[in-house]
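By letter and in written order, the chains are A, B, C and D; residue numbering begins at 1 in each of them.
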């Protein structure tokens, strides 16, 4: 049996007295597209932040390709092949689009903290960045400051930055939040294209996106996973329907 | 023993003076995120305005009017200067206050010249209230101590018992939320800036006669006020109070101690070299604690920032 | 873009240099001292004294070399060593052969080094450094050179005079030394310790303290220690706001004895001490103003006060700088060959404008003159700071330290 | 030399350096070579030396502030310590007659600056923002205080003097004359500027920008924000040390003022004045500031007041500094429309300058009346000598101030409109025809 790409064991997180994540066990296989859904306040973003080392967990384990990530800083986790995007657009807005992508290539191309190489002299860097820009359809925008792009373009750039480093586990936090229909379609197509043969974990509200993209779905309610499985299984699960709809209704009122 | 008692009183005096400055600064800093480098310049303006007023109307009118003028000037600076710079971000804001400090010093020199001003305490308080041993405690210092305590109590009352105070307190901890609640945050900012600078003005009026009124007085005190609020922790008035008193007593006791580093070197088993001019440690052998007293706060600050970046009482990062 | 800016810079440079170069035939004296910043008062005051002395005592009396006038050019060194060296270079380019400086021994050291190097490297544009106020003894001892002349009594000479006065006063048995933590403060403390020990070892030094320069906000703790030590007198070399802060704190703490100082007068200090300082603040210096030595001196001071109401004759020695330079130039018969002028100045003996004689000692270029201990008093003839207080001479020490040894080994060209 | 030029070059293909990149450097070198021919006086050369030293120092400061987003209040310490070590080295060379040529001295200054920066950076770069700023302030104050306490190393307030002429002659040059020193400093200035420019093009240099903009995102790209800051900090310390070495060579003395927090404040001022957003900004700042300091201070006693006002105006109205103002014109220049702006500029800026000059004249008059000697009513301003106590100069100054500012305000809307049009692709020069 192969080691799963990402494995969570009894993961818990408390803020003060409030327990937000209450023992999550989850195993995500390689090259799987896995969506985490759940009502508002279920702890999806917290779960993301725990996995990527943004917050330290209270107890439990996170394993990436079998390695325990406990106590690792975000950059160390990233170097082990996990990359993420953010719910709120998080790019280098004063730098050009091209620079944004090129910066995200540096570590994976082995430049590390080098101060003896000129970035502009590396054909691999330039070509690699242009290739990514090609993939996310931003070639024509390469020389603009990232801050002036449209919202959808900024989201696309964010995805571009996330995948550029060549990580094999990609985590996207609500990639289509706040987008129009056509923009959503564009982004979904983009995600499908760039995560080919990679492990994808995403949090998403738009059920159309979830059921269109995901191979597996996990449902997180009040810090616990109540169901995991193929989209059709999850859809049919009465427990999910009850709990999810109930919680969703509660959250709305 | 007498010396310890008198040092306690002097340290209290100096600490409370620091607190009058740091309380206003910590209000401004935690609310607007602005490290107001010109804070001590408002302190200087307080002293100069009061001096000018006292020439015509006497000390007490100066104490009353000068802080008001300083407060209005501070509010004006916020309204017409800082608010404009705010859009460019925190670093330009900080640099703005840095430039402001420079400009205020130059303006003071332009109008009053470089000389020391003969700003005096009022005649009525010019006597020694009591003595500890041979050391006299001037009535004016006791007056200052009580004035600053009164200001602190008043400030605490306003912050905890009034509606405006509640808003300000909330804004200290959750600036964004308060904005979202629909309060006129720019007005609150302007008010807090005005009050903060007015407090600095009061400190200037009171300290001018004791510590001297001269164009360098802001520079001398300026950075130590930052050190105070950083040590105390941001957003915490109690922290500012504790740090002010701590620094007050620390510098006072350091200055009056007679500790020599030679003792320390001897303790580590080193012997005093015969020919001092050849020894690279010769300066250490003659060093005393009073010599480095005024830089102790900086050492303390660096240590605190390295090991506890949110200060003694603070909850969030500096 | 970059080029036009640099061209603009060139034009501005040329402009600045030409704008200040006027009247080439005068004997130009470059005054290099702070004219802006926190120490500007001392600087502008000194410049006024120089310009007044040059005008009244040289130019109005026919100039030097049968009609050449003195011209004093003020250059702002911003109390910074680097700026002083730039000023020196600017002055040399304008054909200046004499520079005068006094504020800060640190800058004096930088200048005397630079002048020495310049004169060695450029024998055709040599300059003399006339130091009118920097009192670090080293300048006429181990760091002396042929191009440097000091017209003020140095810290050791002043302390020698001061301790003479102290040991004659039977009321003083315990002395407290306190000063700023830098070379001058240390030199004062060392000299006091040495002189008191040698002259009267029953005088006890109950405290010897240094505090950081310009960093102390509240001097009260230091004052407390002084009072608690039971000292009868305090000696300090402090200046500026450190002097005022210390003095006020000591007096407020209830200290009743005399405070002996080097620089506690003028620039607002006299006025700030006011009544409290009267009878307490003592100052050691050269040149007695109250009483003056002659009606001519009274007239000179009155004329100066009338022309510069905001300034005082705070540095009487400036008059001697101008007078002795004029005499040396006349004696040498040239104003441009400064080696000759320096030789004429060496060993020169002249009438001191303020009474008595003044001699420029040949071995070390240190002026030997009468030194006075003065006291802040109300109701004197010539007051300071437009206040009712001024300095009145208490004791005169004639030809102070005329035989003080020097370690100077001067190399003459 | 600017970011914009650089990027065009990168994307198209260019593993080699393009003309647009190399040209400014070549021009700068040629320019520095011929400059002393035009201005050969020793004082001009001294001022130019000072300018070049400031350029290196300001560029190194901008590695922190502009490129790394770290606000330091104690950068003078690295220049000072580098310089002091060079001074000691100079004295050691003199005492032991070591066979070292003078031109290599700055590299030692750089290494010592680097050493100190490594120590301090190891704990100060963990966080940016206020923590970093306050630590830098604390360290700055500490080392400045040490400079008067530890006399054995810093020489107290007399400073540490030395003599540069005892080094091994360098191709027959003993650096006796200022002009020789000028070329030595010019060489190091160009070299340091070039290296700092290239540093900003390296992976660490690029990541410094990324960390400045968004440290969290940078962490998720595999880079530790702390180590990126640390490397920038060390680089800045190194080049500050080189500036210190150059200072040691030029002035042959270092004093405690070299380490003071005032110096640290001044370099912040210079860098911001020049503009932190562009590589060449600090160069402009250093040139402008040195000129103001050496030229304005000869003309006016209240020059620091003007400097303070200029600085405040820059922060409030031109946060991009001089370089920002220049670069604002690039889009219009690309479209060949700079000519459009000449007229409105003349109509607005000329009166504004007159207004400012009038205001300055008022200040000078006020200052003269308050502080000059009694009876000395003659004053010279803008090459005119007049009586400051008569009414006429006051009227002239007030009229110039009010009139100039009024005219400038009249011209401003037109300028704004033209500016907008010049920067809008496809817009016509005037609106007249369309109506």
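The criterion applied here is as follows: contacts are C-beta pairs under 8 Å (C-beta built on N, C-alpha and C of every residue); 3 or more make two chains touch, one makes a residue touch a chain.
Worth saying up front: this structure is predicted, and the values here are computed from it rather than measured.
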Query = With chain centres set to the mean of the C-alpha atoms, which chain is at the far end from subunit D?
reply = A
Message = Just the number, please: Cα centre separation of subunit A and subunit D in whole Å.
response = 44
Request  = Could you please state the distance in Å, as a whole number, between where the Cα atoms of subunit B are centred and where those of subunit C are centred?
outcome  = 35
Request  = Averaging only over C-alpha atoms, locate the centres of subunit A and subunit C and give their separation in whole Å.
outcome  = 73
Key: Whole-Å gap between the CA centroids of subunit A and subunit B   = 48
Request  = Note the residues in subunit A that touch 2 or more other chains, in rising order.
outcome  = none
Ask   = Of all residues in subunit B, which are in touch with two or more distinct other chains?
value = 109, 113, 291-292, 294-295
Query = Can you list the subunit C residues in contact with two or more other chains?
reply = 40, 181, 212, 215, 310
Touching chain combinations (by label order) = A-D, B-C, B-D, C-D
Inquiry  = Under the stated contact criterion, what part of subunit C meets subunit D in this complex?
reply    = 1-3, 5-6, 9-10, 12-17, 19-20, 35-37, 40, 44, 48, 75-76, 78-83, 85-86, 89-90, 92-94, 104-106, 109-110, 113-114, 117, 121, 136, 138, 181-184, 212-213, 215, 306-310
Task = In the complex, go through subunit C and note every residue touching subunit B.
result = 38-41, 181, 209-212, 214-218, 220-222, 224-225, 227-228, 230, 241, 244-245, 248, 252-254, 267-269, 271-272, 274, 310, 385, 387
Note = Interface with subunit D, subunit B side, in the complex: residues 35, 81, 84-85, 88, 90-92, 94-96, 98-100, 102-103, 105-107, 109-110, 113, 223, 226-227, 230, 279-283, 287, 291-292, 294-295, 298-299, 301-302, 305-306, 309, 317-318
Touching residues on subunit B, where the partner in the complex is subunit C = 2-3, 6-7, 10, 13-14, 17, 109, 113-118, 120, 128, 131, 133-136, 138, 210-212, 214-217, 220-221, 224, 251-253, 255-256, 258, 288, 290-295
Partner subunit B, residues of subunit D touching it in the complex = 65, 69, 71, 123, 127, 129-131, 133-135, 137-139, 141-142, 145, 149-153, 261, 265, 268-269, 272, 302, 304-305, 307-309, 311-312, 315-316, 319, 363, 367, 371
